[in-house]
Amino acid sequence: MATVNLIEYEAASPAVRQVYDDIMTPREINWINNFWKVLAAQPELLQRTWDGVKSVMAPGVLDPLTKEMIYVAVSVTNGCQYCINSHTAAARKRGMTEEMLSELMAVVGIANQTNALADGFQVEVDEAFQYGGRES
Amino acid sequence: MATVNLIEYEAASPAVRQVYDDIMTPREINWINNFWKVLAAQPELLQRTWDGVKSVMAPGVLDPLTKEMIYVAVSVTNGCQYCINSHTAAARKRGMTEEMLSELMAVVGIANQTNALADGFQVEVDEAFQYGGRES
Amino acid sequence: MATVNLIEYEAASPAVRQVYDDIMTPREINWINNFWKVLAAQPELLQRTWDGVKSVMAPGVLDPLTKEMIYVAVSVTNGCQYCINSHTAAARKRGMTEEMLSELMAVVGIANQTNALADGFQVEVDEAFQYGGRES
Amino acid sequence: MATVNLIEYEAASPAVRQVYDDIMTPREINWINNFWKVLAAQPELLQRTWDGVKSVMAPGVLDPLTKEMIYVAVSVTNGCQYCINSHTAAARKRGMTEEMLSELMAVVGIANQTNALADGFQVEVDEAFQYGGRES
Amino acid sequence: MATVNLIEYEAASPAVRQVYDDIMTPREINWINNFWKVLAAQPELLQRTWDGVKSVMAPGVLDPLTKEMIYVAVSVTNGCQYCINSHTAAARKRGMTEEMLSELMAVVGIANQTNALADGFQVEVDEAFQYGGRES
Amino acid sequence: MATVNLIEYEAASPAVRQVYDDIMTPREINWINNFWKVLAAQPELLQRTWDGVKSVMAPGVLDPLTKEMIYVAVSVTNGCQYCINSHTAAARKRGMTEEMLSELMAVVGIANQTNALADGFQVEVDEAFQYGGRES
């Protein structure tokens, strides 16, 4: 149902193939998911988006599983079907158990609830929480 | 700027005071933040919301810091000023460093970007990602 | 902080004044709120928006207070500060008590929570709920 | 398409069955909708969510039909397919006519429009609307 | 899957048919898309919505193609499947090429990303940007 | 009110200064707006975000003013105060008149309205609009 044509590996330009290879190699898979095939219509958009995802999702002070769960939390809040499914799958691959998924959803659920309550009553930020509690 | 009167501890009913005490004791603080003072106008809403937050945010298979960062991720995506500030502060109290905050935001940022791209091109969920990659 | 100049009654064109009068007369007030002063920069946008609001918010099979509370529910979910404040005020004028406001917020809160859970787990619509339960 | 396994009544633990019974009895139905079957993977999440929904949606100063319509308004604004369908169906069961649904949608539509306009022009809250018009 | 019955041309009242004709004539088509058939259940809602769309989308200081692309940008950000598809199609009819669609999406993607970052870090509006840079 | 410390030019590392220079030079300004000062806490995030914005907002098949208006449309829909103000200012610098801003907002407003209606009634995508009208 995508609104643009998907670019398959066989039909891809060398520049697109290089990104495709870079996606498949570290994941040890031999297929490309639809998201990238859709971006490939504009190689620059594909390259930049992949570079961003690769860089941001690499291990850092946060581990990759934590990052995937944060990704799921955002995707759920936006209601993005594709990203909920793909990043839930990715989190599972990185070790997320059913129990962890349930806890993740419980947090996402209550955060959405209290976000609505805080906005709904127009609660003022307490002095102690200003600047996100940082020492200024 | 709250749209309802805030209930201070001194003016609170015994039922509300009990919740207030339950909030302050484990945190070892002697003040109540505005969010709860606003809910206290309807004690049942206060009680139920607090019970929910306390239960969900308790240590489980996910640690409290990870939960706070997920809370921040949702609040950012919803653009809730109160919750962004209060939960960034809470995450800091639980050990989130500046570097962790930056990585958290980098993930939240790119997730919002790719959510838009996946929705924008109406990308179809790959078979491998259906059911969030669970074994059905 | 508006991003356009506000058009005051004195400086308004006859076409804008007519809308302003139409806003003030039924409400028995002698001032115009900022929202309309901002739209007045483009009289057609002002006229069309006011016509829409006037028509939609008029008594119908739903009473005006119920409509105002629905308006608040949407505004909270979108996190629109201006509309939360203005329509909470409007609902109060139409008889919303503090208790009603608390119940309204409780519903808005739990709806946002379960929306996230339903999306988060990608729950499939039950056959009985398809077509919103209408007899097709 | 749910990302977790659904727990059917027959396979459910006694704790889950008790919640299922509590859901079916007052509604005089003998089936459980997918939303609850999905939460049942974590019985505590099921119990807490059901307790919340049951308590919030019970008759109060707002009647159950009004509450269901508010629920629909939130679900539409979030674009949650499951909740739009299930709560439109629930509202119909409680007496919402086609005409009421159309008026509900007209309000939801115009609220989303004016939310965008108020945010888009960064309209400042009028003094009379501050604190949602409450007497401070 | 619509939650209300669709009103076909043959079954429509004269008032509804008049709107249907007004939709089809300038587009030189002989069919009505589902969106209008759904609104037709309440002729007033149909009329008002159509009048609004017709007026807003007419050529003005912004050309119709630019307007359609802005429409797509909003629909993507809201994740509205129907509107993404219908307005992407409309933009194509008005001359949007594949390359333009890709650039549109690139902007929508990065805007959603930086919106999250600006909200996430609670960045304060610079003096030079206040009032959207207008001369006050 | 930012939740992290802002990095001023004087206190910036050479890597950050280089980005700052790259931001100021083409705009012919000698100050850095808060958004970048906030990202500078993590130089890599600053660099990547700036590279993305610079590349995406450069003239392409869409002109820079059109891109800025699309940016505003997204920011309004997300309700991001910082981005609404900064990109409205940027669009004005590129030639957006008051009349163009009003038309932009009129489109954003009606798109948000019809998005809600299409979701609210769960309108099914017409065959002619599937795949966004592309020739498959």
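Note that the chains are named A, B, C, D, E and F in the order they appear, and that numbering of residues resets to 1 at the start of each chain.
Definition applied: a residue touches a chain if its C-beta (ideal position, glycine included) is under 8 Å from a C-beta of that chain, and two chains touch if they have at least 3 such contacts.
Keep in mind that this is a model prediction, so the values were computed, not measured.
Visitor: Spell out the chains that contact chain B while also contacting chain F.
Guide: A, C, D, E
Visitor: Between copies chain D and chain E, what's the superposition rotation on C-alpha atoms, in steps of 5 degrees?
Guide: 120
Visitor: Sort out for me whether B-E or B-C is joined by the greater number of C-beta contact pairs.
Guide: B-E
Visitor: Per the centroid of Cα atoms for each chain, what is the distance between chain C and chain D, given in Å?
Guide: 19
Visitor: Could you put a whole-Å number on the gap between the CA centroids of chain C and chain F?
Guide: 27
Visitor: Could you check chain D for residues that touch two or more other chains and list them?
Guide: 1-4, 49, 52, 74, 76-81, 84-85, 88, 99, 101, 103, 105-106, 108-117, 119-122, 130-134, in rising order.
Visitor: Which part of chain E faces chain F closely enough to touch in the complex?
Guide: Listed in rising order, the residues of chain E that touch chain F are 1-4, 31, 33-35, 38-39, 49, 52-53, 56-57, 60-62, 66-67, 69-71, 73-75, 77-78, 80-90, 92-93, 97, 99-100, 103-104, 106-115, 117-126, 128-134.
Visitor: Would you mind writing out the residues of chain A in touch with chain C in their complex?
Guide: 72, 76-77, 79, 81, 84-85, 105, 108-117, 119-122
Visitor: Going by the contact rule at the top, pick out the chain A residues touching chain E in the complex.
Guide: 3-4, 41-42, 45, 49, 74, 78-80, 131-132
Visitor: Would you pull the chain A residues touching chain F in the complex into a rising list?
Guide: Within the complex, chain A contacts chain F at residues 1-5, 44, 48, 51-52, 55, 130-134, 136.
Visitor: Going by the contact rule set out above, which residues of chain A touch chain D in the complex?
Guide: Within the complex, chain A contacts chain D at residues 79, 84-85, 88, 98-99, 101-103, 105-106, 109, 116, 122.
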